[in-house]
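Look at the two complexes coming up: subunit A is in both, with subunit B in one and subunit C in the other.
Showing the complex of A and B:
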């Protein structure tokens, strides 16, 4: 009996050991097959996943990962360079610059989805590209991106006016064959190819629009590198699109710079096929403190550091370096944003802008110039942008080829004494100065910006009671008000749609006056002539001169207090192989993200 | 010959503490409103997020403004908001409640109760925020939103009290001598609801201050100036930068003010309840 018990005990121990061993082996196997997951964070929530609604940074970020665009920006090349994406090559441009022929890659398929007849994603064709552009001009789409192509493509605006009938062809959009597209422009538009690299240009199958309608904002049926698994107001989960075309990643072609990109691990990507991760999770965390906590505790692997926290994170700001205790865990990039912040004067307001009385016109100009002189960009940069923003004169920010580093910086340097002298010379005194109404959407930071502005103006002798806040409950209300010319001083930020000076200089082009992008309603004949002449030219020294001349007019007429390029501090986990970008490459970069092995395996 | 409500307040230790706190803070607020204190609240300095020092007792904020001065002005703002909203809400509530009670079960009563029912069906802070947003934000919108949100409770209480009083002998006598209903309501009924209005006023005062803090925190409060809500909203950035001055000053003032008001309101309510209790 005793030996039986011993035998049973031995058997039990043996079974237990076997079970444990099997479990360990299974766990190890599971570890090996565990998908590579990268967790990104954004400081806002996308309102829609429909490319036609990709008007925000957040929507564009996801759309570029779920849908294909004809072109994209090279991952690492700076200045930014366009590269073929769904297109097989860069477009063939006719001699008159009006006709583009674009050939599509063959064998690219949409993801499988019940919207298709057999549930299997079909091949992407030239007709899909035409449909995706057309639907921006269909009022039923309520597109936010139609402005990109308005008046640019032959027959497209007329097609809209005639009722947006998809059975009616658009003369400027033709499918020459299944994989070749011809686009005819109304006039030369050198920036056109950039528009085909925007989120708005995502290629959508008609079947999905028909099947889902507005629900397309919460679904995605594209041919991008990822498929949507789920999305809510807190996060989006994307998984690798297994049918995404296999293309070899060429590090040199993507613009790798051994000095700049040193230590990022990017060389490990060369020769492989993207996307490199299996799962992409994007956490939407608008609240600064929560976003930082999620990142610091390892729940997310990327964050934009709030300005208020620069002191806690940066060891120095010139150049920005991380505190030693953070260097082991995180990588840092302090990247300038392409765009700028500025305050423009409403030139349609006779109190401060154009007046029919020539004398008052001259006095108003002196008043604007005094305000520009009284504005302390250095203090604004220190207090609100961590002291790492870049102040520049005019509306062509640094890093654009048209930027002139030799330009006089007088318009960006505060000189209260000179401002007071300007006011006195133009017969302005505390009694006759007009009431300044400074508009802003209600928020703590915007209010503090106003208070700082009021402080600057008090320093040049402006009575405090004559500087009034004009707050709006939401940014939408504020935008509507200044678009309708109801705000005297308009503080805003412009984020460039594509890396070309045309996109910033047009902000002061007369015909674009409010409600257009020229909220200041600046209308200067010399500026307009220079801009019109430059707009149809390809990048060239002649074009650069014209843009610089236009820029100088904005400065000379004191049409705006400008400007500052924000520098964003981005941090990411050292286990992640990434060169982040907050501007044009942003969403495109995700297909090139990878995790270091083996610790990077999660 | 102090008023009855003051005697009620002074009877309990809680009431006395509450009165003392309100008096001290009210004194500071008055001095601030008169320009004797806190006049540097908007002046910036070179010291952004400055530490606590002899010249800046709570340090400075992002713009280099003195947080102690701002706390004083914010407390004065809280008193102003509390008083204006309380006066508005109590006046509307008393008038409409009185009318509804006097015209009980007729169309004025039905209208007032329907309106109060609709407004009460939305949580009060949500309603106030929605109204303030709809009115375009800013100080006037905030006052209007709070008054429109807060009058309903007063109206219900006054209506019930008027309905109780309208059958009393003194009202019947007034009717018998031919006094018009409007005069009976104004001269005889509403003055007899004063004890209720007083307690309700103290509670509305507290609610108004809390709501102002919430609305200003959300950015739909004050246009210009400073309030406790704005300071707390600023503190969300300051805390990230490692500075607690705004948070401590604003929450400290808010705590003391609400503590004083709540103690006083409790004491008043207890006193009125005891007086009304059947012997």
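Showing the complex of A and C:
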């Protein structure tokens, strides 16, 4: 027993000595240079840094810091507001709403890179913007963002059909001079300027694409606030782009709200020129426990708190507040995500969706409505989203101007008795109910979500054996399956690309049917008419009415079990001056991050 | 004689490489994830899906694709990762040193300590020491690698334990940073390999210790240390060399897979895991080919090393 204790003591002393020695050595090495470094964390890994492939939140986050876009979102303004970025001003729009003239800032340069003839980054011109849009329509680019401009810019689709020859001009994309760009649209597209603020719209020099081809996904030759130093599957290291244009940070113009932003230290930024940090390190930590440990032990300075940790972090959930013992070290933001989770029915499946037989069609609708009625959003919210998510009816989530707070919430309230009555009225019983196939990419959480769903359905009288899981090895496999109409119930989460209801309502637009974003293949003439009419209108009461009418059709036809907006709990070190944003524009915040004092530097 | 041996070995090596790559290629093509839907954007049309499939070469017949890949391989081009667009050679050049630095301390310590413990247990065969060492080895063998990793992480790397070491990440910018990051993975590797190694080395040494020359040496007054580190170890070298060399490819790829995934280390294991889960065929094929090539090299090295260790051995 004694020797056992001695052995344990010796081991502990050995480990502690090793740890102290390593830490001292590591710290002294770090002390030699004292760059102002901020360490962020993300819960996923970006696959590619090519703006054309910036389809994920993680890729967008980095791309927006490495490349310039014509427009960006103001740092603190909510609702979101567009602001010029590489563009000198907001676009000049012709009276018919079809021609935009955009002037670029002068003297903006790409970073130095061997891809340029003399290794020196040249000035960014209007031709670069045109090239960057064109390459989305070149199959060799493997673009994930072409859909933003498909059928929208005059001559661009035809240019692709003719072989994507860059020597051939596109009639709708013209450089009037080195710094002025003219874009002609095929029809009014009120969301167009939003598309120019996406990671997909990052401006790329042709020389870099020629030199690196697909390898541009692991290099970055942009004119953004940071340069890429290194990237692997664990982290990316970015350093300040010394040639980034000097622009004065105007706190008021960025949307500062003294009440909301109190105590964040943002006033210290006013009048200075960004970026404020020398190094931006982004740790990719998909594992919740490891991400939390890294943050808590100070390895990272920002984290999205996993739902499993809510109990240890939050004092209360309504509203979310931080535990007193954590308040000294950390800042908290519990912001709703821009997007929502929902489950749609495959309307192309005659077992549950559209049927040529009118009677079966009506019975299928009743079946879907019964399932919607049997679904308990409150329980789902409690079990999987920490009880702080926001449940809403339809596909227009709260905080969008088109959201109707007065809308009937019946479609989100569980009523097993009403569900059973609906089934009985449509002659559904345990014997003739179809087998429900519920799809999901393989993971423990997804399986738990399915089991909860199965429990809800059993409560409305659905036989357990008739609710089957369809598990797929990867998201790609799952995506393929539901795109090919092989999944009856499709669970999804939609993260908005821009803050406009068009981006969520289009999820049920007939022509966008699978393999497009309308995975449900919902095809309702009334919906389609309302959406088509609204799509070309600028924000207005008329457009709001049209979108609300379309939204009501999704609810009336019971095309989906929807929806819940996740509220994300974000924590960051108090030494960091930051107002974070986990939404599509999250990357833009990094150019405005600062550290309070040398003690906050690592 | 040597020429015939090398020709035969080259033939075996080439057959092995072809067989392994063909099997992997077939599995990836017919059963692996289809990357089209990982890479395609939102709101894609059937035409865009077809375009991407053509870009990825999915529309080509199997033998064309395999033949094309073999031609590229023969010219030293491992292609580009479908996922990131990065050159596979660059990817491997970056990941391999990380893995080597990660597993080397654990591998060396695991073998050296295993050898020492095995020799000592064999020498004290039947004693309390022997039973203790064997018991500890069996316990080590019984524990899952995953359980060891999670337990060590909780104990040494989290605020719920001692929180002495980083829970994840990798740095080699200074010796201190390297040691800080490599310690816990090394402990995990050590714990999981020590049991296997000790039992193996004990068995080999125990057999050797029963031989006449050992009894004679003891009768002449040889000390345990001189005996174990001298003739016994020398005579055990053939199985020791074989075991050490043959475990290199396994440790490099499969051993590091769990470590790198759980500790967020950008080495070859993580690269392999990502390639498998995303269906990145060029990367996975390169890793499989590399592993097979490593086996071939190890096999050759083992034969030569064994010949050196025991001159009685003959090359076929």
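Note that in this section the second predicted complex is superposed on the first by the 566 of 602 C-alpha atoms of A that agree within 3 Å, B and C clash if a C-alpha of one lies under 4 Å from a C-alpha of the other, contacts with A are read in each partner's own complex, and residues count from 1 in each chain.
Basically, contacts are C-beta pairs under 8 Å (C-beta built on N, C-alpha and C of every residue); 3 or more make two chains touch, one makes a residue touch a chain.
What you are looking at is a predicted structure, and each value in this text was computed from that prediction instead of being measured.
Asker: Have a look at where A:382 lands relative to subunit B and subunit C in the superposition and call it first, second, both or neither.
Answerer: first
Asker: Between subunit B and subunit C, whom does A:512 touch in the aligned arrangement: first, second, both, or neither?
Answerer: second
Asker: With the two complexes superposed on chain A, say which partner A:448 touches: subunit B (first), subunit C (second), both, or neither.
Answerer: first
Asker: Between subunit B and subunit C, whom does A:469 touch in the aligned arrangement: first, second, both, or neither?
Answerer: first
Asker: In the overlay, answer first, second, both or neither for which of subunit B and subunit C A:477 touches.
Answerer: So A:477 meets both subunit B and subunit C here.
Asker: Let me test your reading of the model: by the given contact rule, A:290 touches which partner, first (subunit B), second (subunit C), both or neither?
Answerer: In the superposed model, A:290 contacts subunit C only, not subunit B.
Asker: Quick one: name whichever of subunit B and subunit C touches more residues of subunit A.
Answerer: C
Asker: Please work out whether A:308 is in contact with subunit B alone, subunit C alone, both, or neither, and reply first, second, both or neither.
Answerer: The answer is first: A:308 touches subunit B but not subunit C.
Asker: Report for A:282: first if it touches subunit B alone, second if subunit C alone, otherwise both or neither.
Answerer: Neither subunit B nor subunit C is touched by A:282.
Asker: Taking the contacts subunit A makes with subunit B in one complex and with subunit C in the other, which residues are shared?
Answerer: 289, 473-474, 477.
Asker: Using the touch rule from the top, collect the residues of subunit A that touch subunit B in their complex.
Answerer: Residues of subunit A touching subunit B: 288-289, 292, 306, 308-309, 311-312, 382-384, 441-445, 447-448, 451-452, 454-455, 468-469, 471-474, 477.
Asker: Which part of subunit B faces subunit A closely enough to touch in the complex?
Answerer: My answer: residues 42-44, 48, 62-63, 65, 132-133, 136-138, 219-220, 223-224, 230, 233-234, 236-242.
Asker: Which residues, counting only subunit A, touch subunit C once they are in their complex?
Answerer: Within the complex, subunit A contacts subunit C at residues 15-16, 18-19, 21-29, 45, 47-48, 50, 53, 55, 139-140, 142-147, 150, 213-218, 232-235, 283-285, 287, 289-290, 293-294, 296-297, 299, 473-477, 479-480, 483, 497, 506, 512, 515-517.
Asker: If we count contacts the way the header does, which residues on subunit C are in touch with subunit A in the complex?
Answerer: It is residues 33-46, 48-49, 51-52, 54-55, 80, 83-87, 90, 94-95, 153, 156-159, 162-171, 173-177, 179-180, 183, 262, 264-266, 270-271, 274, 277-279 of subunit C that touch subunit A.
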